[in-house]
Amino acid sequence: MSQVTIKLEDKEIYVYEGQIYIPNKYAAGTIGSKVLINIRDKKKLLGMRCPECNKVYFPARQTCVECFGLLDEYVEVSDKGTVMTYTMCNESTIAQPVDTPIYAVIQLDGADTGFVHMLGGVEPEKISIGMRVKALFREKEDRRGSVLDIRYFKPL
Amino acid sequence: MAEKKKKSEPEYIFVEFNTPRKYRWSTGPYVGKMYHEARMNKKLYANQCPKCKKMLWEPQVVCGRCKVETGWKWKELPQRGTVMQYTFIVYPMWDPHYGEKFANPLPNAMIEMDDGTVIRHFLEETDEKKLKEGMRVEAVWKENEEDRGEGTADIKFFRTIDK
Amino acid sequence: MADRVAICSAGQTKYSPDRCDVREGDLAYEAIRQVLDETGLTLSDVDSAVTTSQDFWDGRTISSMNIQAVVGAHLSHEDKVAEDGLNAVFAATAQILSGHVDVVLVVSHMKESQAEKALIENAAMEATYLRELGLDFLSTAALQAKRYMYKYGITAEQCAKVAVQNRANAKNNPLAQAPMDITVEDVLSSKILSTPIRALDAKPVSDGACAMILTSGKRAKKITKKPVYVMGISNCYEAHSPGERELADCNALTIAANKAYKMAGIKNPLKDIDVVELSEEYSYQQLMWLEGLGFCGKGEGGAFMDSGRTKMGGKIPVNPSGGMLSGKPNQVSGLAAAAECVLQIRGQAGDRQVKGAKVGLAHGMTGMCGQHQCVMILGK
Amino acid sequence: MANRVAIVGVGQTNHASNRKDVTQAEMINEAVRAALIDAGLKMKDVEAVFTSNMETFEGIYLPDHGASAELGMIGKPGFKVATGGTSGASVICEGFYMVSSGMFDITMVVGFEKQDSGDTTAAITAATTPVWGKGAVTGAIGEFAKQALSYMNSTGATEEHASLVRLKADRAACRNPHAHLRLGLSSTDEVMNSGYLVWPLKMLDFCPQSCGACAIILATGKKAKKITNKPVWLVDAETVHQEAFRAGTFGDPTGTETYTQHVACENLYKRNGITNPRKQIHLAELYEPSSWEEMNLYEHFHLAEPNQGWKLVEEGVTDIDGELPVNMSGGVLSTNPIGATPTIRVAEAALQIRGDAGDRQAHRDVDVALASALGGPNWTVLFLLKRFT
């Protein structure tokens, strides 16, 4: 905690440089836990199908975005997919897990929706929309039940 | 992070985020003036509402009660007052601004200063039995100027006095 | 509807990269004082205040406590809408039409300079799958921009033109933060933030506030000679995850606009609307929003820009104020857009006046890739 | 003139201190679906969705955006409000005005809070910045402790009276399957011995932190009759705020302060012809963060004579078989998912009027009910509900 004084005309103004620090811990819930545990333990990607409109979501979710249907049927989707869009960050932020990540929306084979993750193991200029990619999982001992248990997607 | 399984309960995953968010809060000119007087002169200054003539603590551009602009009329407040209401935290709480737990116990009071202005602050007295409504207190400042500059926090606490 | 809702006055601060000289209340009051002065009302005349601000940006739980005194909320009605400021007008409109209140003060304030954008925006990401990736509104907007440009063949030059045109418009707006004489080449050679978005494609960090007084149409006639009416207003949500929506289209905006058009009796927006004020954090968004609002077909935003119709003096001038790209804070932008429309319709917009402007469209958005869209039609 | 507004459906989650099995969005969805089932509607019938949540409690910025699918509001109008403790009431006001104004026929309002994700007390402490108010850092708990002390000193109520309020709340909660804390307390001793949290508030004198959500569907009177045979009129709403950390905000030893509660109920009663609230109001769901505050609120809302609030508890007037049952849901002392807490008050009051409150149904007939919310620096929102005629 520190403060800086600035003077404006005849007025003194103090600027406090401080923080708000409240740790947060979010439950992934029944569905999210199942998806993350399958990634961690089996390198398996679980999606879910909407019983009403048949749309397959990966990652699995409780409620259909299209029709408000309540999803209940797990479906395994492929670890291979197609890049729908991507971006290369030029500067890193404090929130990012790696320096200058390349983010992409990837539609995995068997899913009707995109999965947001990172690309790696590829020259940036060689990335294109429509490119085929495959998930690269972390080593078993490094997987902790997180979306980051997938290190990134690399070109097929 | 996974939480260890209890008997017959499925394993649940949790995702944790622990990065503090940084801010640059400004006092603005009104609270800034109060800060400056406290830091330089160990004095309590507040601005006065032109309508109800009450001292505004916190100093502000508009008097909330009268809903009129206050202007820039300042007065020094007395540093002695009477405890109107008090309490003390028994259960130690997390302070999100310092990222640590508050001191414990932490007697906290609304103090009616001798001109009628009400200030919230901490009390020196931590013995529950010695706290009472109506007790007389006065401000105790942080000694070194370089430790001051945090507005009302430049007052360490209010200590009990005889009258 | 029994009566109409009128805007009696709108006030804005000058937008600035860093207002560390004021507290939130001081900042909001700069705008509030203008509307009180213009209408001759006092804070005691205000029946209800609808404010918009965000706890995350103010760094204060219940951020509206920063401004209770200056909005006259002492023993009075106040509500805080935690979306873009234009949504406060939506809430105020409902309050007035329901007959429960007559005079509403709408206020929006924001000091972007005092907080960490990337962390706050990251906290908006769904926690199980998106947040750990470190996404923020810049990286997700870049995903959207790339998809949009790919799907419809929009070029970087067309996006850059938006950046150039908005900053040039800002030169005629004394409140604008960052008027600039720049060229398409300047934009295309500016630093890359996140491909394909470059520094000059993005809005700058901005602080400011905007205030407005709304009343019933009947009351307005006693307060101002130049009331501007809320003819239509609505808003709409989009899906959250960038993977679960067609990023290249803004369906929520179309739905919100159609509801607002219906309320206002607008059949052909290109013909019926005279001036448009949009909220776009990044240049590509203006092209998308023009499509979503029905000024052109899907994927035609780039060509529409090329046609010059959105220029000052064109068929439908867009962002005479310079828009968000010339510096307006999140949360405030949509309300500021409405404030600019008020000036335009009243004929008080000075050097940036759109001749004969009678009907204006103000737009505000909140969230990732324009997830929440609000549209208002204003008229005489 | 304005449309009259009716409650046509209510739904809530079972409230708990932890919900490991669901995300925030999934938890909200439980309440949304429950309300739709209660009203016999489909999500597509709902025209707009308004939400309330205090984002810093969970540390989720724009939580309505993240939960848009589960809230069923994709492609629909709506927005989120955040006014501290009153959020869940402010959102009902928004839905109420939207229907009343004629802009929508059917809206849904949803309050939610999942407090296992963060530290609410710390987040409430962050209601001051380091710039001002560090001397008021005791959060809500400290304020209610001061208020309790003042109430004790000015009315002659004792800590036992507060314990009686707590016992009443627990008895009610034990009859409510949705309630969070259902302790089965048997004597005031258990409350008295629960240990001080912030003196003189004991652990059991203060509200818990809960995870939960509550949804209410509002419709015009005309639509209401077609939707359900059990609508309830949401007659009127009144919001009264004030500036932060005014002296005597919660309890005023000087006796010179005007409370938001007084202004709110005077406005509401006047508009609705209530001259004898004790007789004309049949049941109340009050937002009582502490057991002391419930007694205080009886007086504020003119349900008891000044300084006599504690007598209502002593005489059992506000219990299930009393003349004016209060908080038959178990109240905030038993269940407190903050963004949903005031929403639950209105939902529970509506259930009582419908006669659908199950084991917690008040013994007397309920035609008129009062629901209140309290938040921020003692802000008040009040609702008046009536039997549909």
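Lettered A, B, C and D in written order, each chain numbered from 1.
By our rule, a residue touches a chain if its C-beta (ideal position, glycine included) is under 8 Å from a C-beta of that chain, and two chains touch if they have at least 3 such contacts.
The shown structure was predicted, so the numbers you read here are calculated from the model rather than taken from an experiment.
**Student:** Count the C-beta contact pairs for B-D and for B-C, then tell me which is higher.
**Tutor:** Comparing B-D with B-C, the pair joined by more C-beta contacts is B-D.
**Student:** Averaging only over C-alpha atoms, locate the centres of subunit A and subunit C and give their separation in whole Å.
**Tutor:** Result: the chain centres lie 29 Å from each other.
**Student:** Roughly how far is subunit B from subunit C, going centre to centre by Cα mean, in whole Å?
**Tutor:** 37
**Student:** If you average the CA atoms of subunit A and of subunit B, how far apart do the two points sit, in angstrom?
**Tutor:** 41
**Student:** Going by the touch rule set out above, which residues of subunit A reach two or more other chains?
**Tutor:** In subunit A, 1, 8, 13-16, 18, 20, 22-30, 32, 36, 65, 94-95, 146 touch at least two other chains.
**Student:** Taking each residue of subunit B in turn, which ones touch at least two of the other chains?
**Tutor:** Answer for subunit B, listing residues that touch two or more other chains: 12, 14-15, 17, 19, 21-29, 31, 64, 94, 96-97, 150-151.
**Student:** So which stretches of subunit C touch two or more other chains?
**Tutor:** Residues 20-21, 23, 56, 59, 68-69, 73-74, 116, 119-120, 123, 127-128, 132, 239, 244 of subunit C each touch two or more of the other chains.
**Student:** Among line, ring, star, complete and other, which best matches the way these chains touch?
**Tutor:** Shape of the chain contacts: complete, all pairs touching.
**Student:** Under the stated contact criterion, what part of subunit C meets subunit B in this complex?
**Tutor:** Residues in contact with subunit B: 19-23, 25-26, 29, 33, 42-44, 56, 59, 68-70, 72-74, 111, 113-116, 119-120, 123, 127-128, 131-132.
**Student:** Please name which positions on subunit C make contact with subunit A in the complex.
**Tutor:** 20-21, 59, 116, 118-119, 122, 127-130, 132-136, 138-140, 142-147, 150, 191-197, 239, 241-245, 247
**Student:** Which part of subunit C faces subunit D closely enough to touch in the complex?
**Tutor:** It is residues 1-2, 23, 48, 54-56, 59-66, 68-69, 73-83, 87, 90-91, 93-100, 120-121, 123-128, 234-240, 244, 251-252, 255-256, 259, 366-368, 371-372 of subunit C that touch subunit D.
**Student:** Would you pull the subunit A residues touching subunit D in the complex into a rising list?
**Tutor:** 1, 14, 16, 18, 20, 22-32, 61-65, 68, 70
**Student:** Would you pull the subunit A residues touching subunit C in the complex into a rising list?
**Tutor:** Within the complex, subunit A touches subunit C at residues 6, 8, 13, 15, 20, 26, 28-29, 32, 35-36, 57, 59, 65, 84-91, 93-97, 101, 103-107, 113-118, 129, 146-148.
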